[in-house]
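The first chain written gets the first letter, and so on, giving A, B, C and D; residue counts start at 1 in each chain.
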């Protein structure tokens, strides 16, 4: 079931719903129900988008395209240009899934409910927009649009030092985007006819070349990288993440870790790998170095955390480092690059989204009922909350890369790919999985197991509604773990093209030398 | 009498008005100084209208008068400004029993 | 050679400058206000010299007739009239800034080639300006009425309307501000 | 021919049971507690029948090669899944399903009153499925996946009583230590994949296990696809994984702690099957190891050393299950040593027999625990009167473990020692000799600790059981182990528990005839030496031949075993417990507990009956520091957990990194924010609130613009 405007509808349905809530939905119960219905509808739409993507050999690269001229060709030549390919379709699915889960995870919000759901829906819309826009100006617009709702969610409905964290998040990201804006303008100006069309830059024939670029290509590469690295986040620009996560409300954490970090990884794959094949191979060693540092450093710091959310946040730093390690696989010998590493990186985006989403939903449940996230104060919850505990344990095991769950597949693909390029670095990053086992099991042991505590005697388990996101995410984690091909065959359609470009470029350079 | 002499007189008036506007502490005196500056500006506008503007005279006689129209607008705005300015002075006087400008710094951060 | 116009100009110049100086230095605000009226009248004289007779009349009506009176009212209504016009702490900055600006303006006025209209056309301009209000046809013109009024409601109708709105707003604003809080 | 679906069904039956229990029974039918157990048992019966069918077919030489199925296809990173039904697998499948079935039957009795019984059987199903998946895997990634899943089930089952902190900690420890080994395994897999292009050049798949075997073999053109250092590295990686799972030194310390799990779990997972997976793994890649002599030597030495060192630790443990755990480590060491010496058949044969007698011993320990309420042998004694069946069965298991003719353990252990004695394998004869000495010494120790255990448990007088232990712990002010209960009811365990033990005992007694003695041509339709021939037929590449029966070795090992039993009898069975009353000998306790013990003893003496006196002294304690060293397990736990993990890593390294993160990395961020704020504050001083000051500044700006225009902008208007 596909029709023109499907993608536009998918992206803008949450925004329309937000407008509707603003204008005529009244009453907290009504607002919640309405948001839930919209979330479900958007989830179904994103599933439809994912299924509608033609994975065949001769299929067009970008599909379900909606394109209207926005700013006329004589001036800026920007257009409203949405479309999905193998890289973005799973991301749309992820956003739909986590958006729906975030809405249910927000059920216990009691203050300013209307406002809250408006921001949440706008956030979902902005992230969807980032994943689907194929015009740089539009991409940037969505990229920035997502900041405001997240800022509001953290600053208004958060806990702890919420304004500090919200502001920190905002400043970090805006700083990164500033670099990206420079790069986007330079890229637009570098082309024969000013254009913001991203698809042109992905095709070998019309790609930027060093001779005509307004700024050196390597500078452009790093300008883009700066924006995406902050979002990913990679060491050493990761420190906004623990603060933002710790103080954000559950749903915001889910969206933040689940989809917003993925914008960074998506940007890296789409722009840095897709549009700068020469630079990404030249700088692969630096990318993988940053990745390995993030993996190990993140893991070591995670071990010291005593706040559940902070712990998960640092583990995200570690796991998103694997995305960089996977991208580092393009540093293999000229013409020898394979899709394994990049597929692993892309899959890691999806799997980490569901896993961390599940972790945050679970921790949110615990916090809501036990009123603490401080690990030494917890303990013995498994007996009181078996469903939540089981979900948290499954997420934890997926996070430490247990086979049969999704994290394993992406990790092993990343390692397979990266080892071809940088064996020592890869071995170091593999050590991260021992540390992952350490902190995840420590967390499970201290928070779920152990003797039951007196003051948790009347805790209740997740209600059926609260169990819905848990079940959905667990199902997706197990599905990807057992049958990853349903995602990787989609990712691969996009990644094969990138790898071909990189290999052609590399052998071309080698030939010249 | 020439354009330059007219401009110089206007400049002197403007500078005097400026000095008054910056250096007086009484709000009413400041407003009066501002009026002098308005007049200086009007003088230059009219002088330009008289000596410079009508290059297009032969095509359209109306452009000769543009300077004067400007002056009329300035006078109108000045009148409005005085009406409001004095209104503020009264309000301020009523609230603080003072019309000293240096004391009016409540809007500072 | 000094023409009548020049003499008048110089007299007016001296009067206006001295009166303006008086406005800003005299301690007594009431006297300042009176001197301000002198400045206004001198400027009206300049307008006449510049063959903008209509403007001169407006100047006298509005400035001398209305604004000066308003000032005097204001001074009367705020009780500390007599010791009001004290200088503040910004004397030296104010003088230096004003002097600098003055020098700059004079330099600009003298150094710029203003490309004035040729002497020959001066009379034509003067008569056109003088007749702007009356609208009487002139020899060089084919008798169309091109008065200020026509300009105001023709080419400048939008600013005109805007200014009328501004006046209305000022009227209401003035009322609202001056009205005592209780009533 | 066996249909592929039937072979898959062996794996799918317990998996199905897991899904049914966890998705249907546990949420909806939890009120019928035994239901899940019956379901799993039914599934296992089917699986066992199928396994035996497969084994028979395989023995008849049927073609059991099935094509692989694509799981993930990304260009050259294609991962397939498939079945590899070689003789090793067929044996393992029968062992796993068989022992698992018996243990589940036993569990019906043992776990009867546990509220989490459905969860227990769900985990057990998951474990059995994963273990079967592991042995059936044809692809190394698939094998790794199940390898980790058995680790998961082990984690879940060790921590089954998750409200006991010690159980939760032991589960975590087990998972993390095995994971350290698994990283080596994973790296070996990645390294294999790295060689993908070389494999592909020969038409091989770098992840398909038979292809990996082939790759290690010398090519006609000289060299090998996988040879030299690369092969050694791969082998060492695989061995690291195996060592972690099989509790080989230095990754052994998790296995004794793993005894926190329910006893049937210990029997199935930590004795019979999962821990043997390490041996299975090395056997699975035996064609690689054969080509890598350095790796073989490492395997042999590590195995031999582990066999000996673990046996020494078994001497002094008070906990019956811990004795058994060290015994398991030691026996796994035998198997590893055998593999390292090239004795492929004997290693697997020992794995096979060990599965039976060790499972039997553990189930017996569980049975004893049911009666005495504790696992601490100091509080047992004299149980042979109340529990004759258990006693008899344990005696069979113990004798089998010690290696007494004609029980199964004798035949399998003897083959290993013979291999070491002959030293004909690929390793240096001196290494073989060293291993031989270690193994014989270990045999002596094995006999000693096994009978120490039997004497302490079943002979003498009863010393109070769990009730007494709780009392003493209270009196001494130290927390009692959580597994101790005061329910002491000295009686034989129910039939549902004894029957599986009986079956295991029969197997433990008779399984040896599947291999030896070779001079018997045929016994009950089974040809002599059948097991070894059959298993060795799995080696498509390379060659291994089990040495024939060797009289001198048989005599030596029997004498050594009898000597050990005799020593144990002298030290333990001769003693009268009452003689120990009041006799406070230095037991090897840490100095801290010593102080509390001194005063606690006096209070404890007041209400002490002679008949109920716990065994206060340990005869071996006379060895002084040596005993302390053993009792504290060579201080390895202290070294790993106390020093390396807690201090060096957690406190200093992680602490420093965390501090740096908060203060340096984030500090720079906060510093820049602080600087910005200070600059803002400074500039805000200009915001005086004085309109006229602002005006002056504005005019100043205007002047600057004017000056600028006059000075530089003369041409602008032109």
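Going forward, contacts are C-beta pairs under 8 Å (C-beta built on N, C-alpha and C of every residue); 3 or more make two chains touch, one makes a residue touch a chain.
Please read all numbers here as calculations on a predicted model, not as lab measurements.
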Inset, instruction - Among all other chains, pick the one whose mean CA position is farthest from the mean CA position of subunit C. - result: D
Inset, instruction - Give me the ID of the chain with the smallest distance between its Cα centroid and the all-protein Cα centroid. - result: A
Inset, instruction - Indicate the whole-number Å distance between the mean C-alpha point of subunit A and the mean C-alpha point of subunit B. - result: 60
Inset, instruction - For subunit B and subunit D, let me know how many angstrom lie between their CA-based centres, rounded off. - result: 94
Legend entry - Chain centre separation in whole Å, for subunit C relative to subunit A (CA means): 66
Inset, instruction - Between subunit C and subunit D, tell me the centre distance in angstrom, where each centre is the average of that chain's C-alpha atoms. - result: 101
Legend entry - Residues within subunit C bordering two or more other chains: 88, 90, 93-94, 97-98, 101, 105
Legend entry - Shared-contact residues (touching 2 or more other chains) in subunit D: 690, 692, 696, 699
Legend entry - Multi-partner residues of subunit B (at least 2 other chains): 18, 22-23, 101-102
Inset, instruction - All pairs of touching chains, please: list them by chain label. - result: A-D, B-C, B-D, C-D
Legend entry - Touching residues on subunit D, where the partner in the complex is subunit A: 70-77, 141, 144-149, 152, 155, 159, 162-165, 167-169, 171-172, 175-176, 179-180, 183, 186-187, 189-191, 193-194, 650, 653-655, 657-658, 661, 665-666, 669, 673
Inset, instruction - Would you pull the subunit D residues touching subunit C in the complex into a rising list? - result: 690, 692-693, 696, 699-700, 702-703, 706-707, 709-710
Inset, instruction - Within their complex, state which residues of subunit B touch subunit D. - result: 18, 21-23, 30, 101-102, 104-109
Legend entry - subunit D-touching residues of subunit C, taken from the complex the two chains share: 88, 90, 93-94, 97-98, 100-101, 104-105, 107-108, 111
Legend entry - subunit D - residues contacting subunit B, complex: 684, 687-692, 695-696, 699
